[in-house]
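If you scroll down you'll find the structure; I have some questions about it.
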Amino acid sequence: MAKRKSIRTDIAWSAVDRITVKGHDLCTEILGKLSLGDMAFLEITDRLPTPRESVMFNAIAVTLVEHGLTPSSIAARMTYTGAPEAMQAAVAAGLCGLGSVFVGSMETAARMLQEALPDPTVDADLDQLAVQIVERFHSRKQIVPGIGHTLHKPVDPRAPRLFEIAAEQGYNGPYVKLMQKVGAQAEKVYGKSLPVNATGAIGAIASELQLPWKIVRGIGVLARAIGLVGHILEEMKNPMAYEIKQRAEEEATAHLRQP
Amino acid sequence: MAKRKSIRTDIAWSAVDRITVKGHDLCTEILGKLSLGDMAFLEITDRLPTPRESVMFNAIAVTLVEHGLTPSSIAARMTYTGAPEAMQAAVAAGLCGLGSVFVGSMETAARMLQEALPDPTVDADLDQLAVQIVERFHSRKQIVPGIGHTLHKPVDPRAPRLFEIAAEQGYNGPYVKLMQKVGAQAEKVYGKSLPVNATGAIGAIASELQLPWKIVRGIGVLARAIGLVGHILEEMKNPMAYEIKQRAEEEATAHLRQP
Amino acid sequence: MAKRKSIRTDIAWSAVDRITVKGHDLCTEILGKLSLGDMAFLEITDRLPTPRESVMFNAIAVTLVEHGLTPSSIAARMTYTGAPEAMQAAVAAGLCGLGSVFVGSMETAARMLQEALPDPTVDADLDQLAVQIVERFHSRKQIVPGIGHTLHKPVDPRAPRLFEIAAEQGYNGPYVKLMQKVGAQAEKVYGKSLPVNATGAIGAIASELQLPWKIVRGIGVLARAIGLVGHILEEMKNPMAYEIKQRAEEEATAHLRQP
Amino acid sequence: MAKRKSIRTDIAWSAVDRITVKGHDLCTEILGKLSLGDMAFLEITDRLPTPRESVMFNAIAVTLVEHGLTPSSIAARMTYTGAPEAMQAAVAAGLCGLGSVFVGSMETAARMLQEALPDPTVDADLDQLAVQIVERFHSRKQIVPGIGHTLHKPVDPRAPRLFEIAAEQGYNGPYVKLMQKVGAQAEKVYGKSLPVNATGAIGAIASELQLPWKIVRGIGVLARAIGLVGHILEEMKNPMAYEIKQRAEEEATAHLRQP
């Protein structure tokens, strides 16, 4: 028999007459006092946000809630069509696709910044770091995360707005600056317009908020769960999934149905 | 070829230079101005909340974020153990279990109230409705949703706190009263203490907020996604899933391993 | 502290030098000797199939593997597009939609038959049972499960083929007969052609195989997991998900993009 | 408007009177003639297996069906506890955890072999390839996939049994030999016993079957879906998930419940 390790959670517990979450009494200290976004901050960081942190964190989370018809929201709608009694599984199906291609890029951006600048209080040569970062991705023929956008040209409008809020709230620090320098350096190296996009801005601001890069994807996942509920509600009232499936099936099998 | 139906979404769209969500410009009207909870309200109701709606909606959503170690959060942790590169799938696995047993009861409570009182502006005899409701469940040997609790005795502390906030914000209306009368009537009929619990309070307050019962589960799903991210972050830092699995396996297969 | 219940599994255990599954040594009794379908039979029934059971069970499971482009397979493909590094999550997303609308009907058909005829060895008046069953669904304005088909008219070709195999293998018993009588009786009552479809045939044959209705959906789930892997492999080589999404987005947001 | 790409599937289509899967008529050529494992082979390779391929493919798929109580099967059981009406979502939750840690290793093993030996018909120096492979993993301080086992010591009994079947069926080719040489070389370099394990044997044999490494994980996913259905059926009859959760919660929150 293997020796047992102890198991322990510090998240929450319930007594007969009260519930405690991360050290705060749910009924007297949280309900009616904490907004959903601040509760998410508490879940992620183990502490309540300051007012500035609250504005900043809510802004990046809100950015991630809704991206319209995406592969993820279509997957959720398709799933709801088959199992309307299990809405939770439709949201789950939508979340399953939040991997490396879409939500992953802000994780990669945050990682790039935090690995280049492990301690943001140290006075670093950001220009040189930006050159090194871009050189590393370029030499490996990898895409630099957090810059450029296929639709939003020349600028992803979310990035300057998020940086504006960051400046207002005092989060215009080294990670934000480094991210912008990476974009500028990449434009030189790749010879085309590559401004910081929304995932780059979020990766930088999450780093300013001292959120480790490993948990950045989690913000995207919880935010998108909110948006997916919105898509399922619309699918309830005004369905499209079955029609999309019908058309796809008709076209995709046309060559098989020839006589 | 079947005739095509048109497909349409009114949620969001992206132009080259701007993104619109439910008729609001994301960058100028939402980011930095709307909290995550208010964004969820917008997703669910297609409009911005009033200040009172905001307090009330955030309170019920926050109530649902964190329930400690549940089958759902353990499923998420187990999944993370096997696929740490796909955190989104771990949250998805946790959501898959938010069905009839746990989160479903607030949906059932909201449905019970809204079917008994389709139009809350009509002056109805709430005492009589409560008697009818309890009689209907009792005669079918079904559990009345939204009352009683296995752990929180005599009272689930979240219910009076949520009702207190409802009273402060002006949501102490017919659905809240009906829910409380259902609890009182059930105590008479079943002969035991059955105060309104958190799911009953949420079902009633969601009805006061004019949220159709069919979408009530969605609030639980999006809130719990936030809590599940918290559990996965703890599992990253201080894992327990594998140890839980080891112990379960050891005990559950002991009879097979006899010589 | 609550009193502990013991936990126990009888499925499998691993010793240092051998693995046992449902009482059979994996290496010496299963590998190379049992096909995947027979292994599924063992998982579901706790025993090895007879040759006749093997043919019959494999036939109903194989019927359920592939249904072409369905909401479920499109959900899987959409998910793969976003998270190609997590193919397992794409299959999971596809499975999430196998609920009441599609796969549920064979569960409902099996339940209908098994509740009408709990003991198939008892000599029952199948004609009378069929009349009662149809009357019950008709009076509740519910659809009788397992009959009719929107595409396959006048006959779902899988049903007669499955019944043919059932006759060859000796499973042409009371459940198969009752299912056929239900179809014939429904045609009288509803005044239109309603032959037994594939889900009705599978529900009946699963009942002949003594599989409780509660586990019938499981056959559909495991079979469709196989088909979903096939769809993901095709999506790898010849993707369609992103194009489907692009078209849906373009049409569904056209009214929002008007100047 | 972006130019449309055509979409196309070659998997299946349904006419009014027949269904075709990968070019085979479902009713006349597949049902009653193809076993579930052979149907899986057809889904994965687009062709029917030869008798030898059938034995070999079924053997590796069967190996992957059942691993007893694993994080994945516990996640499925936890999910079923909360949503017993949605068994498909419980299987989905279980699949979500089949990532890099458990099922991924056979993918990695197959990739290692296929990248070292892209064309198995070419006469290659397998000893030298094995030295190079081990050197590469060793120099990067990565674990060599497909060798060693924490429980099954000195030998994972599945590996020699699978190799025995491979020899009987004529699949004892260069990939199997290379995998064994990798194990032997690793033993020299790491100075401990590191025989080929089940995932190494499966990775090698899948390569012999000419299955690209990118689809190898799919075999694990479809096989485990079968096993997960078995676990859910046992959970229905003899539940353990809630008890496991109770114990975990009690111990993990003990330090919080101190007065």
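Should a chain be cited, it is by its letter among A, B, C and D, assigned in written order, with residues numbered from 1 in that chain.
In this text, a residue touches a chain if its C-beta (ideal position, glycine included) is under 8 Å from a C-beta of that chain, and two chains touch if they have at least 3 such contacts.
Note that the structure is a prediction, hence the values are computed from the model and not measured.
Q: Interface overlap for chain A and chain D, more than half of numbers shared or less than half: same or different?
A: same
Q: Taking contacts as defined above, which has more of them, B-C or A-C?
A: Spelling it out, more C-beta pairs touch across A-C than across the other pair.
Q: Between chain C and chain D, what distance separates the C-alpha centroids? Give it in angstrom.
A: Going by mean C-alpha positions, chain C sits 23 Å from chain D.
Q: Between chain B and chain C, what's the gap in Å when you average each chain's C-alpha atoms?
A: The separation of the two C-alpha centroids amounts to 31 Å.
Q: Centre to centre, by mean C-alpha position, how many angstrom separate chain A and chain C?
A: Roughly 37 Å separates the two chain centres.
Q: In chain A, what residues contact two or more other chains?
A: 7-10, 12-13, 68-69, 83, 85-86, 88-89, 92-93, 96-99, 103, 240, 244, 247-248, 252-253, in rising order.
Q: If we count contacts the way the header does, which residues on chain B are in touch with chain D in the complex?
A: Chain B reaches chain D through residues 68-72, 74-76, 78-86, 89-90, 92-94, 96-103, 240-242, 244-245, 247-249, 252-253.
Q: Touching residues of chain C toward chain B in the complex: what are they?
A: Listed in rising order, the residues of chain C that touch chain B are 6-10, 12-13, 15, 20, 83, 85-86, 88-89, 92-93, 96, 248, 251-253, 255-257.
Q: Please give the residue numbers of chain B that touch chain A in the complex, ascending.
A: Those in contact with chain A are residues 1-2, 4-5, 7-14, 16-19, 21, 26-28, 30-32, 34-40, 43-44, 54-55, 58-59, 61-63, 65-69, 86-89, 91-93, 95-99, 103, 151-153, 155, 157-158, 161-162, 164-165, 168, 214-215, 217-219, 221-223, 225-234, 236, 238, 240, 243-244, 246-247, 250.
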